[in-house]
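Two complexes come next, and they have one chain in common, chain A, joined by chain B in the first and chain C in the second.
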Partner chain A sequence: MATKKLTLVLMDAPFENARTVTGLRLLDAAIRRGHEVTVFAYEGAVALTFAKQAPHANAVHGRDAVQEDHPLPKDWIAALMEAAQLNGGRLDWVNCGLCVDERGVGEAIPGARRGSPADLWKAAEASDNTLVIGTR
Partner chain B sequence: MDSYLLFESQGPLESAQVPLHYELAAGLKKAGNKVTVFLVQNGVTAARRGLRTDAVARVVEAGVEVLADDFSLRECGIPPSRLAAGVKVANLDMAMDQLAEGRKALWL
Partner chain C sequence: MKTLQIVTTAYRCNVEEQDDPVLWIIQAMRGAGANAHVLLEAGAVNYAARGQDASGLSFGGRAQTQPARIEEDIRRLIAKGAEVYAVEDDVAARGLERADLVDGVRGVSRAGLPGLFSAYDRIWRW
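Our next item is the complex of A and B:
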């Protein structure tokens, strides 16, 4: 199949719901196929790329942070961005600026940029398809 | 004729809306469209054989393609041998291909 332009819209905050993992799995499938993908993250999803996410120890189980190996969405997304580059595709990650300001999560990982709902409209207009994964 | 891809992420006991989602899928099919329901996350629990509802069976009988995400099946401990008749094991690559071909996609 020829490469396509796709837009994926995410709303869930990190560490909250299986929808985030499914959304990133879909993103992975798109990137492996070389598709050009725009992600528009809004509401809690803008924290998915927050650079200050940090692993923590688990005192209850007596494990330090390294042993706990806590997964961080920002690392998964950075890996997806790298995979897109290696695969000849493109992952443009846009965080809704108003949602970022509300939550104070302006420090995003490299590759994630600030935008507005107008960016979502432009991306959807330019895309072959758009999927919205909203919070319930 | 239009083509639809409906992601069902909720189980049948999770929300009263889920049966309505199945009705939507069957209705779209009855209207002459090509329809796939992609069960993912807790949505795959509806595909268990022997469940006290024939909701998914009726969707299959309506001619809707019903796919169950293999990753979600493993998470829920449902082996393929326990799936209701007509439900096929799939992966998200298949859903991505349908999305890329331009199907109208809804996350339910």
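Our next item is the complex of A and C:
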């Protein structure tokens, strides 16, 4: 199967709803097939790669932080970036720079970069298709 | 690549951003050369209404001095050559009439959407 170039726009903040997980599932499926994907994180989605996300214990679950093994979006995204390299594809993660500044989440994981709407349009033009998963 | 940007969800962080973030990014992309146009549907058809005024918000002693001016954004898009459509069924459902809308906004029936979509290379739904 020929590889494709895809652009995915995410807009929701982490830890809020299933749309983000759905987006990451789609991303995972594309990366497993070796496709080249650009993600443009807009508005609250720029916090998905915030490096200071931290796991916590969960008293209701009766587990300490280690036992809870709390999944963090930044770790999922780092794993997806690693998987893209292993599968011969590419994951270019672009955070809307103004949105980053508004939220003070400039400390992103390695591999996530700042960008602008111009970067989104450039990626979309070079892609076979673009999917927007907007906030509702 | 000619795209139709569908705005379905309205008033999404408009207060904090002082605009609608989708109308904002469409204008920013058009500034970067994008051939991007707009379809307003569901609650977002209100964005095409004349006489919107989001001013007057204050928390404690902190007043918002630059509220969202959605009507101006719609007028600016049209003035700069963007096609701006509103779904007529959704306009009517909200008690709005054609005369209530900003000049230049084009009506399209819900039944007419497939035909409209066929005129664009890509459809993005926000």
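We take it that the second predicted complex is superposed on the first by the 133 of 136 C-alpha atoms of A that agree within 3 Å, B and C clash if a C-alpha of one lies under 4 Å from a C-alpha of the other, contacts with A are read in each partner's own complex, and residues count from 1 in each chain.
Simple rule for what comes next: a residue touches a chain if its C-beta (ideal position, glycine included) is under 8 Å from a C-beta of that chain, and two chains touch if they have at least 3 such contacts.
The structure presented is a predicted model; accordingly, all values stated were derived computationally and were not measured.
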{"item": "First (chain B), second (chain C), both or neither touched by A:18", "value": "first"}
{"item": "First (chain B), second (chain C), both or neither touched by A:77", "value": "neither"}
{"item": "Partner chain in contact with A:134 - chain B first, chain C second, else both or neither", "value": "both"}
{"item": "Contacts of A:6 with chain B and chain C, given as first, second, both or neither", "value": "first"}
{"item": "Which of chain B and chain C A:42 touches, first, second, both or neither", "value": "second"}
{"item": "Which of chain B and chain C A:120 touches, first, second, both or neither", "value": "second"}
{"item": "Chain B/chain C common contact set on chain A", "value": "129-130, 132, 134, 136"}
{"item": "Touch list for chain A against partner chain C, complex", "value": "9, 11, 42-43, 102, 116-118, 120-122, 124-125, 129-130, 132, 134-136"}
{"item": "Sites on chain C touched by chain A in the complex", "value": "1, 3, 8-9, 12-13, 16, 21-22, 25, 28-29, 31-34, 36, 122, 124-126"}
{"item": "Of chain B, residues touching chain A in the complex", "value": "7, 9-10, 15, 40-42, 71, 92-93, 95-97, 99-103, 105, 107"}
{"item": "Partner chain B, residues of chain A touching it in the complex", "value": "1, 4, 6, 18-19, 22, 25-26, 28-30, 32-33, 35, 128-134, 136"}
